[in-house]
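Each chain gets a letter, A, B, C and D, in the order it is written, and its residues are counted from 1.
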């Protein structure tokens, strides 16, 4: 393993800008407002989101209550984001567990504490206007693969047919460049780094947090899941190939 | 990984012969004709085909809507091929999703766009008259194994009892030679290369597309699935063995 | 891979003794006799045997219709063996599929062709009077592990707590020695070699056929399955450990 | 594999203190007392414990009737521990199978022989007053990983986000130090060694028995399972990483 890069949060504790998406401690207390009824199409997406979360759990991709998942209902000022609460076992996730927040990350309805990583979802939705669903998982292979490449700050994958599982990619000759951010526990700072890499890599279909996990997204839950399946397949293939060569 | 062989399509853009199986853009628009009723035996095969597709999905063998599956009902001029549409999640495939095409790849009934790889199915059915079902999957091990051997143009497997899972093979001493074709996005050209390797390797039970996936077939869905299970088992064993030696 | 040892059948085509268990070609034609009713305890064992077979299939341990499974109802001259027919997909095995044979391997009731490996079951039942169930599987790790050690003729496993899953073993310090027989397609000859190793290794809990699979047994289906689970776990641990050292 | 460390039981056969938790041979005979009714909250924990055991079995984490699981209902002199009986297939565990014992390991109700490792559960409950559930599993990766590190007496894991799955851990920069005890069949002696390492490593979330398995615990079944999922994930990542470097 490369020497563990201590997170550089300390030099960033004065955020460059006031993060709009910060969730105040007061605001994220236990919420009592019941979940309101949602339109059919959104309900279908939330069902699909929860089915995806349970499927991820069954595969061992969100162990120990890790991972988080969200979908948003509309773009613009009225947009609502439905996101998994903190600390829930994803193997039994249902739409009733989801929290409704606005685009600034403020709770609207639902009970429980939003995931500490909520701010990463809101920054992705802001920087990727087409994205309507975000999936975040911790897998054996994204952990190993992100560890192998974290000193470089990105990884590249090229030459595999499965790259065509990524939207807009029409050939295996595509070179996918996935940024890797050092892991950090200050999520407001991490959100700023997310913003930077999302702008630096406008065509990336995912972002890796080193030794932590993958964030990927799509225009729908189905597309986000397709990206997830494609990227995790490619991470496993590439990580196995590199380990077969004694490369960390 | 061997240097990525750029696909040689450019030198082949004038196909040697007008491919019979090309699917015109017009013809593959959204089809409205409802699925007609099919005889019991065919229905049973289509049920079995879809069960196989769902089973492959559950094993992670057709991630990100990859893979495609087909069965044909009769040989000769009246033959019909039932094939998965493009872009469908194979985890929920049912016979109602299948498209009916003729032996030239022209749509007969069903809704949706036939897979871009339909032309590979029709060429296999033409070159392997006994085949009545074709399965195409993307697995971790066929991806790694085809990558290890693609410069050679084929791989050989010998000495395993599981080789007897391949029709006509009666001993583990059998040497199975599987051709490997460089991956390419021009499917009409790829179909010509398929035709060539199917003629060059008349006894092969499958064809690999490098870093893409396996095509295998059988006289029935059950036989095609048996070949799939046998080949994927052997790919995993051999790929693991080679990686244990630091061989890419 | 060690150079593939050609099977030595040719020098053994005159069996040392007339194998009692040989199944005549005539006798194993398609049988029409319906399965007779069986006592409750035996029925329970047959249910358990089939559940074990389906579970093995789900884990990928009997791909491509490989593997075979049996149970016997009583020792002595009246003993009956219930065994899987040849070529059946074990993922859907039910007691109705089983063939009833006597201790010489002659069909009693049931339809279908007994597995070609029936003679290996009868020799194990003869040499291990306490065994009432035999399980035979082809797994990735028993294939790799038997290949690694076949030139030596046996493998040893020592120092693991899971060894206590084997009947009569009370400490991890136990050294389990499993004989490995070169694979061969002449089952009457193979049965003689089985007889030899079962006598040479009276305490072994299983026999490996190189690059083919494992035979294990127990006093009941449950015990046979416990042995299977323990041995396969140990094969995977040991084979991974050896491959991590670049040892074939 | 490092040279197999013979267990040092012989030098410890005079335990430093009379172990309170020893289970007399007479006391653990077949118990006839029926399971008494339990309060709702405890029943819910026992249901959860058994669901966790069945889930572990499905993942291959308790092969061959290995592993054991317990929960306790209250601290103090009236505490009761519900624990899996010896030799049961964990794939079908239900609360009715559990044995009720007191804090000294003496049977209260339930049928069957308590696991030989009961004394390890009682010592953990004594040394970790907050623990109300203990899970013990044998996995491929904890077996390989404990074997890699057993000469050192402990292993360390650092730098992974999943460490936050362990209670009280708030950053991936946490260094988790897990003690490793040499395996031994004298469970009263092993219990003393457990007591020592639990005191020496007061912050450890688990204890490994070399080439045997993991013990972990939590304030509830859910927390114990979260620890299990987190630790097993980390063992797999780290063991794969080390094997990729040819380190045993």
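The definition used in the following text is that a contact is a pair of C-beta atoms (placed from the backbone, for glycine too) under 8 Å apart; a residue touches a chain by one contact, two chains touch by 3 or more.
As the structure is a prediction and not an experimental result, all values here were calculated from the model.
Think of each touching pair as a link: the shortest run of links from chain A to chain C has 2 of them.
Chains making contact with chain B as well as with chain D: A, C.
Taken over every residue number at the interface, the positions common to chain A and chain B amount to under half, indicating a different-residue contact. Taking the CA centroid of chain A as reference, the farthest chain centroid is that of C.
Separating the CA-averaged centres of chain C and chain D is a span of 34 Å. Looking at chain C, one finds that residues 243-244, 246 touch two or more other chains. Under the contact rule stated at the top, the pairs of chains that touch are A-B, A-D, B-C, C-D. Residue ranges on chain D touching chain C, taken from their complex, read 1, 4, 6-7, 60, 63-66, 89, 138, 140, 143-144, 147, 183, 185, 209, 211-213, 243, 246-248. Residue ranges of chain B in contact with chain C, taken from their complex: 59, 158-162, 164-165, 170-173, 222, 226-227, 229-230, 232-233, 236-237, 240-241, 243-246.
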